[in-house]
Amino acid sequence: MAQKNVLVMINRPPYGSIYYTEGLRAAVGVTSGVDENRVTVAYLGDGVHFALTGVDRKDTDKYLGTLKKQGARLVVQKESLKERGIKEEEVGEGFEILPIKEIFLLLQGADFTMDF
Amino acid sequence: MAKLGFMLTLGPFQFENWETTCNIAKAALDKGHEVKMFLYLDGVYNPIKLQTFPDMPVMPKDRFAELVAKGAKIIACGICVNARGLEKGKDYIPGVTVGGLPDFAEIVSDVDRLITL
Amino acid sequence: MGNLYLINKEYGENGLNLASQDKEAIVVLLHDGVYISPKLYPSKAKIYAIKQDVEKRGLSGKLSAKYMVAFSLPKHVEYIDYYRLVDLIAENKVINFA
Amino acid sequence: MAKLGFMLTLGPFQFENWETTCNIAKAALDKGHEVKMFLYLDGVYNPIKLQTFPDMPVMPKDRFAELVAKGAKIIACGICVNARGLEKGKDYIPGVTVGGLPDFAEIVSDVDRLITL
Amino acid sequence: MGNLYLINKEYGENGLNLASQDKEAIVVLLHDGVYISPKLYPSKAKIYAIKQDVEKRGLSGKLSAKYMVAFSLPKHVEYIDYYRLVDLIAENKVINFA
Amino acid sequence: MAQKNVLVMINRPPYGSIYYTEGLRAAVGVTSGVDENRVTVAYLGDGVHFALTGVDRKDTDKYLGTLKKQGARLVVQKESLKERGIKEEEVGEGFEILPIKEIFLLLQGADFTMDF
C-alpha cells in the first residue's frame, strides 16, 4: 500500500453523460483512503466545455470545493479550447489553462491515469 | 507478478467495454497476476445473476463469475447500485460485494497498474 | 517502463495527441479504437491492435503493413492477443483512453 | 391532437437521453397529445421502482411514473428485460408492461410521429 | 409538413449532412447537439436549440446571434422550450439523430 | 392503424456497441405487425463499416436473411465510405452504395425514421 498520484482525465462535456460529475466524484473518492492519494483533474477535448464560466455547477460544486481544499489542480487543455473557438477569458476561475506539452508532463508525473 | 486494478463504468451488452474488461482480466489471472475490480456507474449492472437469453450460452454475469472463480476481487459502488434500484446487490452472483469509493481508494493504493474502461 | 496508451474510438484522439508528445509511446487500439484513421497515429509510436477486435470487424487487410504502405499511411500495426496485452500492461504505465 | 411514438434505447443516469425523452413526452401529454413508448435495450432499466438516492428527490422512475399518470402507454422489450436479469420486469413501477417487438410494430402502425432517442 | 431533424452530438453530423440536402430543413439541437460546431449547420436550415440545454452548458452567449455575427458563423439559433418542440414535432416529419 | 415505411439509419459501427445488430433486430421487428410495415436500412457515417466484406456476421445473418426475403434494401452512404478510405469493392454483397442525395430521397419517401 502506498500513496499514489492519479491524473483524472475528463473527455466528455456536461451534460450529455454523467461522466463530468461522476468523474469528479471518483476523483474525490480516490483521495478518501488512508494513504491520501493525490489527484489532478485534466479536461481534454470536448471535456473542456466544463470549464466555461456559465456552466451550471450546482451538482459539482461540492466535489470542486473538496478538491480545492486538498490543493488539487484542475487543468484545461489549451489546444482543445482553441479548436472549439473558446477564448481563454471564457474559462471560469479555478481552472488553469495548459498547453498539451505541460499536460504530458503531468501524465509523466502521475502513477495512474483514469479517463471519463 | 503484478496487481492489476480495474474500474468499469459501463453495463453489459450495450457497449463492448465489459467484454474487453473481462478479456484483459481473465488473461491477467491466467498469467498469475492479481485482479481487483471496482464496478462504477452502469458497471454495477454487470453481475446481476438473473440474466437470461436463450441464444447466448455465456451471459456477461458468467464472465464475471469466471473472474471471481479465478480469484478476482470485485466490488460494486453501493451508491450506484442503489440509485439503479438494485437493492444493495441482492441479486448479484456470489463473490461480488457492494462497497464504496473508499474501497476504490484502497484498490488504487494497493495495485501496481490501474485500467479504466 | 514506458507509457502504454489504451485507445478506444470515442476519445482516442485525445489520447493519441498526448502520445504524440511522448518519445517512447506504445499504443494499443482496443475495440472500436481500430476505426481511428491511421493518419492520427503518432509517427514515433509503436502501434498494436487486438487481433480478434480487428478480425471480427473485417479490418485485417486494412490495418496491415501492405495497406499502410500502398496508401502511404504512417505505420505498421502489430496484432496481439490479450495475453500479450497483459504483458505490456505489466511492463508499462497505463494511460487510459478506452 | 397527434399520437406520438417513442423508442428509448438508453438507461437512466449515464446518458441524458432518458431525461430528454421524459421532457418531450411530458410536454406532449400536457398539450393533449397521446404518447406510446417502447423501452428497448438499456432503455428497460428506466422503470425499476427501487431506485433510491438520498440527494435526488425525483428519480428517473418517478419521471416515467408521471408519464404513466398522465396517460402514456409504456412497454418494455421482454427479451431485453430478461437478458439484463430484470425477471420479466417484476420490480417495475405500476403501469409499465413487458412486451415484444410486435408491440413496437403496432405502435409504429398506430402513431403519427416516431421519435427515437 | 417539412422535415424536423432532431440532432444530438454523437452522430448529428450525419443528420446535418442530410439536412444540407433539404431545401426546407428545420434543425433542433438536443442535449449535447448544442456542441456541434456552427460551421456544420446547413446554410438554408432554420436552427433551434432547447433553451435549458443551452443554459446549463453555459452556451447562451456562444450560440447567440451576436456571437455568430462577430465570428462570421452561418446562423442565428433560436431558443425554444419543450412545448414548442412538441408543436414542431406535431407539424413536421421527425428525422431522428438524437 | 396503417402500414408505414420506415427508414432505419445505422450510424454506429460493429462491435463497440450492439446497435449494429439490435438496430437490425428492431428493423425486422417493425415489419412483424399485422400492418406489414416496410423498412429500408441505411448505413451512414461510421455505420458504413458494417458493410465491409470481412465483417463477422454470425449474429446478424438471421436478421439480414429475413430483411432480404422481405425485399428490404440495405443502402450504404457513398461519401461516408470515401471519407473512411473504404473502396467500393470492399463492400459486401447485398449492400447498395448510394450518394447522399439518393439517401435523402429515401428519407423523403419514408413515413418514419429511426436512428441506431
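The letters A, B, C, D, E and F name the chains in turn, as written, and every chain counts its residues from 1.
One rule holds for everything that comes next: contacts are C-beta pairs under 8 Å (C-beta built on N, C-alpha and C of every residue); 3 or more make two chains touch, one makes a residue touch a chain.
Quick caveat: nothing in here was measured; it's all calculated off a predicted structure.
K.L.:
Strictly by the touch rule at the top, which chains does chain C share as contacts with chain D?
P.N.:
A, B, F
K.L.:
Given that chain B and chain D are copies and touch, would you call their interface same or different according to whether over half of its residue numbers are shared?
P.N.:
same
K.L.:
Report back the single chain whose CA centre is most distant from the CA centre of chain D.
P.N.:
The most distant chain relative to chain D turns out to be C.
K.L.:
Among all chains, whose Cα centre is located farthest from the one for chain A?
P.N.:
F
K.L.:
With centres defined as the mean C-alpha position, give me the chain B-chain D separation in Å.
P.N.:
28
K.L.:
Indicate the whole-number Å distance between the mean C-alpha point of chain A and the mean C-alpha point of chain C.
P.N.:
25
K.L.:
Report, in whole Å, the distance between the mean C-alpha point of chain B and the mean C-alpha point of chain F.
P.N.:
Centre-to-centre distance between chain B and chain F: 34 Å.
K.L.:
Going through chain F residue by residue, note those that touch at least 2 other chains and give them in order.
P.N.:
As it turns out, chain F has residues touching two or more other chains at 15-16, 18, 46, 112-115.
K.L.:
Two or more other chains touching the same residue: where does that happen in chain E?
P.N.:
Correct list: 8, 31-32, 93-94, 96, 98.
K.L.:
Indicate the residues of chain D shared as contacts by at least two other chains.
P.N.:
In chain D, the residues touching two or more other chains are 13-14, 16, 41, 113-114, 116.
K.L.:
Could you list each pair of chains that touch one another?
P.N.:
Going through each pair of chains, those in contact are A-B, A-C, A-D, A-E, B-C, B-D, B-F, C-F, D-E, D-F, E-F.
K.L.:
Show which residues of chain D lie in contact with chain E when the two form their complex.
P.N.:
Per the stated touch rule, the residues are 2, 4, 16-17, 20, 23-24, 26-28, 30-31, 33, 112-117.
K.L.:
Within the complex, which stretch of chain C touches chain A?
P.N.:
3, 10-11, 13-15, 17-18, 21-22, 93-98
K.L.:
Using the touch definition from the top, list the residues of chain A that touch chain B in their complex.
P.N.:
Against chain B, the touching part of chain A is residues 1-4, 6, 18-19, 22, 25-26, 28-35, 37, 112-116.
K.L.:
In the complex formed with chain A, which residues of chain E make contact?
P.N.:
It comes out as residues 8-9, 31-32, 35, 37, 53, 55-62, 71.
K.L.:
Inside the complex, what are the residues of chain D that reach chain B?
P.N.:
10-14, 41-42, 45, 48-53, 56, 59, 61, 79, 82-87, 91
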